[in-house]
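As written, the chain order gives the labels A, B, C and D, with residue 1 at the start of each chain.
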Amino acid sequence: MKLQEYRSKEILASHGVPVSVGEVATTPAQARAAADRIGGPVVVKAQVLVGGRGKAGGVKLAADPAEAEARAAEILGMTIKDVTVRTVLIAPAAEIAHEYYLGIVLDRASRAVAVIASAEGGVEIEETARTNPDAVLRLPLHPLLGLLEHNVRRVAFFLGLSPDLRGQFGSILRGLAEAFASSDADLAEINPLVVTAGGELLALDAKIVLDDSGLYRHPDLEAMRDANEEEPSEIAAREAGINFIKLDGSIGCMVNGAGLAMATMDLVKLAGGEPANFLDIGGGAKADRVAAAFRIILDDPNVRAILVNIFGGITRGDEVARGIVEARATLQRQVPMVVRIVGTNAAEAAQILEAANLITAASLDEAAARAVAAARGEAPA
Amino acid sequence: MKLQEYRSKEILASHGVPVSVGEVATTPAQARAAADRIGGPVVVKAQVLVGGRGKAGGVKLAADPAEAEARAAEILGMTIKDVTVRTVLIAPAAEIAHEYYLGIVLDRASRAVAVIASAEGGVEIEETARTNPDAVLRLPLHPLLGLLEHNVRRVAFFLGLSPDLRGQFGSILRGLAEAFASSDADLAEINPLVVTAGGELLALDAKIVLDDSGLYRHPDLEAMRDANEEEPSEIAAREAGINFIKLDGSIGCMVNGAGLAMATMDLVKLAGGEPANFLDIGGGAKADRVAAAFRIILDDPNVRAILVNIFGGITRGDEVARGIVEARATLQRQVPMVVRIVGTNAAEAAQILEAANLITAASLDEAAARAVAAARGEAPA
Amino acid sequence: MSILVDRETRLLVQGITGREGEFHSRAMAEYGTQVVAGVTPGKGGQTALDGRVPVFDTVDEAVRGTGANASCIFVPAPAAADAILEAADAGIGLVFCITEGIPALDMLRVYWVLRQAGVRLIGPNCPGATSPGQAKVGIIPGSIHREGAVGLVSRSGTLTYEVVQAMSDAGLGQTTCVGIGGDPIVGTSFIDVLDMFNQDPETEAIVMIGEIGGDEEERAAAFCAREVRKPMAAFIAGRTAPPGRRMGHAGAIISAGGGTAESKRAALQAAGVSIADSPSQIPSLLRAAGVR
Amino acid sequence: MSILVDRETRLLVQGITGREGEFHSRAMAEYGTQVVAGVTPGKGGQTALDGRVPVFDTVDEAVRGTGANASCIFVPAPAAADAILEAADAGIGLVFCITEGIPALDMLRVYWVLRQAGVRLIGPNCPGATSPGQAKVGIIPGSIHREGAVGLVSRSGTLTYEVVQAMSDAGLGQTTCVGIGGDPIVGTSFIDVLDMFNQDPETEAIVMIGEIGGDEEERAAAFCAREVRKPMAAFIAGRTAPPGRRMGHAGAIISAGGGTAESKRAALQAAGVSIADSPSQIPSLLRAAGVR
């Protein structure tokens, strides 16, 4: 789960990192009032989780409160990569002497938490890593000891910080590491970390991405979720305990297991169709969860057919089949449904499905082909 | 460094351990007032760092404030193993249903921090370990992760705690482990940890021993040192940066290095004498430190001769010899001094020492023999 | 005959009295696995599976009491990392963790502690392992297996079942089927299991089921090219999966260029592994590679 | 020829610009040790020892810049544990820590981290090691040594010098003299060094200097009885030391029965080691055991 810039900054500030926090505004008038309280020139920054807001015109300087109001009016309501801007951050404009990048990331490939740092901040770190890899330090930390003092020194010397900045830098990196660990983050980054004209270090922008599996022990962070930036269907799915991602195709998929769900999508594509979603209904597949999944899939008007692929396994296939039939009866919109149930009691399941006039299939390939055909309005082969 | 019971209890209480703290008193009147504030029966406990205070009569029950005053009058001023009792702790008397032992210790042999626990509390744990080893659990903790939840469960089940006590026990053991780690302790123990008649766990007695090497980062704990219980000479030595332990013999020893200091004592004994002290003067052996060492040794009226054994090494022997001669001139009491200086510039050192009429020796065996002879008033061989 | 689990496996189940733990313990015992002990703190002294399996308060007691040499963990995510450490601490050498949703930073610590202790962890968020005809540990349905000579390793759950069923239906039995788990940080990698199959004399061919994300499949491909001379077939799920939905920002530095299904397919193909477009193609690819 | 240090040792000194660090670095270089680099954070780019040794900000840079393969640490106690970890992290395989007064709980962590990383730590609170005629690392005076065939291992500082001097005076030279340090938790034990001497073909006899406390000498005795066939002599300091001055309460459970000089002497004697009552007896005990 990604946190908005202003949330990320609040967290870093609580761990002693000097940040340019500012104030959030949802109307131009609020933006003006915030700029007035802050005094001097400000930056008006769209609060969206998608990248590239700067290029999209979502970050603008304003010399005074009146200009802040005007810029906020431009930015609020703007659409950046399908997301409508509903909040802006009004932050004091800083005079920048130098920009650094400083991040902490959980690197799954090496199974380590690593500090990433570069003296070329202000641009995307992937870009620097590609164009000038020597300008990026990747320092894995000890998995049980975390950030040590010699790690801090190594990063400070790599960045070429002047002696008078090293002490402040140490507390910033320690604070960033604390924020990372104590919030179960996947990523915590400051970009840019600037030296101001006054010779102080300051976090101008910040980004924290949380590990979804850690959220259960951070209800305060869970509460920072920004529903504005999510597909309503994905929010509904999460609340129903379903793993769902909306896509652009016409064939809705309902599968148990993430790997099988991806394989099912792949086979829809191989059969000439386009999947409308990824949906892992999880273990058990009880009637109420099946019903919720159907509703979520059918909320998408592009969906012309549904492919259900359940590997019975421990759950008995006939029970799942009954759940599907019951759930289907509650739906307001009906589309052709191809249902494949394998494993325990698959034969009994097939009987129930056929009795309910659902299209069935023995193999996954066949099921995908039938779903594609059904979506095109063709009768089952 | 050992902490007094009431200090140890304060530390445990600050980590959430339920303790019977009470109040300290240095006069019988204060003891009465404390008992009055506490209300009900109290225990009057001598605050001394030596063991066996119970057997020595240093712990007594009192039914009311008047009795508390009387018992405090008996205990204050009492001598337990050479230590005069100057402080008593007045603590509420608890009705005890069961006594446990719970400790955390740095076990140097296995290089681990270990939890020690026994359902047979209230007696010395060494005693239980000897008479009934199966009644003692020794559970080493992971060196980098510390106390884990399954460790807590294991100890709780070993002690056979009833389900309703397990939750409280967990917070006690976690608090004890926190207190141990955050104070750089060698030992933190609760003995007994009791179940009261009311069915609650309560630490009735506590003991914390600190790692001297960790004291530099705990000035608050260093300030808890109880000068009353130390040899004044040992306090003076510590303040002079000298490692000194007083013994009962007549031959004072001044050596650089702890191992060589022990070897020197051993050779004094082999030569028929008794060492008056262990003294490691450390590296460098500058004149002011040498002078302080002589004063500390000579404060002991039993001392009849001093054996100085310095391995020149990096320090030049002639410089040490000059330091000894200068320091000797400042002493108020003079005893025969046998000085052995080996290593760099040993010959020049011998000349300086002989010119100052000090007895010298080439080998350590010889030096010991001469010191023993000198202490007996015999002329050097 | 097999890897990881066999007739000698003496299994302890942590969380045996929970709904999932009890259900799957019963299925494992019915399959023939020696389920020798269960652990549920506070239920020590009770029994599970109709009185057949003693329950202990701690893994330490269970190991001392029954000689258990492997553990299967069904405890909920908040307590699962600690349960793994408890098993390792008590001297268990092989731990399967079925639990899903363990925080990554917890698993990071657990991963290194178990590695340093020389304890083999499979999972978390894995279906377990089955050696057909001998023992199954975890939640893979026993009925889909058939005894044979193909080793299977997978990051998935039900997709694994799909492939195993297809193989068994086609008459291709398995030495062992191992699900290593779908979490970002798992105890045992593809390479670890491939190495075991490569060294197992009874395993004549190997099937690998991967999916998008990370670079484990690419690294496995390099290992296969270097070490494995047995016929191999693979399926990689996620060719149509939307990119970037779960990847962090700076993390992309490290996995730059990797992670897509095409990258993994290409790497495995270059290593001489036959690539299936559908799980149903696995049996024919194996047959084509000469597997009986 | 020797163990641990020799002509191939390329030494880095952490804390080279401090008073102690500079003094002893000079003495090591004068003895013939290759002192190739120094580290003092903030003084990178400067030089030490009259321009002969480059100084770096971090151990990582020093290792990459000079190929240093061993480190000697003189940094003050509050920063010393971190300095050891920095050396290990930068790929140094052999670390000597001279610093005394490092908190035991810090050393506990460092001990296990270095062990798991396969890095050899000597000390802390140790005088270092000398291979006469080749190299010395640490603070043992170079002048007391003589080249020869006796290996010496000790927990003490100046007591070691005393014994070495007595041996050299008696014409008994040394392959290597190692001070493992007097702290309760040290990186390298008596057994580790005895094992190295036992395997070193040039070492014909071994001298061990122990002292009261702990049970390292008792464990070393068991090792000697089992493994060592070379002549050995030992001196144990502290027969007259007062008991109980530094031992914790519950700790006594663990070291019950051990820790006294008599216990250590008896254990070593039973293992066939000749015991000296005075350091001066070591040479004659070695001669009596047939050492030339």
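Everything that follows uses one rule, which is that a contact is a pair of C-beta atoms (placed from the backbone, for glycine too) under 8 Å apart; a residue touches a chain by one contact, two chains touch by 3 or more.
The model shown is predicted, which means the values in this text are computed figures rather than measured ones.
Chains making contact with chain B as well as with chain C: A. Looking at A-D and A-C, the interface holding more C-beta pairs in contact is that of A-C. Chain A and chain D, compared by their mean Cα positions, are separated by 54 Å.
Averaging C-alpha coordinates per chain places the centre of chain C 47 Å away from that of chain D.
Inter-chain spacing, taken between the CA centroids of chain A and chain C, is 28 Å.
Touching two or more other chains at once are residues 109, 113 of chain C.
Along chain B, residues 144-145 each make contact with two or more other chains.
Contact topology of the protein chains: irregular, matching none of line, ring, star or complete.
Every pair of chains in contact is given here: A-B, A-C, A-D, B-C, B-D. Residues of chain D touching chain B in their complex: 23-24, 27, 77-78, 101-105, 108-109, 111-113, 139-141, 143-144, 154-162, 165, 182, 184-185, 209, 211-212, 214-216, 235, 237-242, 245, 248-256, 261, 277-280. Interface of chain A with chain B (complex): residues 144-145. On chain C, the positions that touch chain B within their shared complex are 41-42, 44, 57-61, 79, 82-83, 85-86, 89, 109, 113. In the complex of the two chains, the chain B residues touching chain C come out as 142, 144-145, 148-150, 153-154, 157, 163, 166.
Remark: chain A residues 51, 103, 105-114, 116, 124-126, 129-130, 136, 138, 143-144, 181, 184, 186-187, 189, 207, 209, 211, 213-214, 216-217, 245, 247, 255-260, 262-263, 265-270, 275, 278, 311-314, 342-344, 363-365 touch chain C in the complex.
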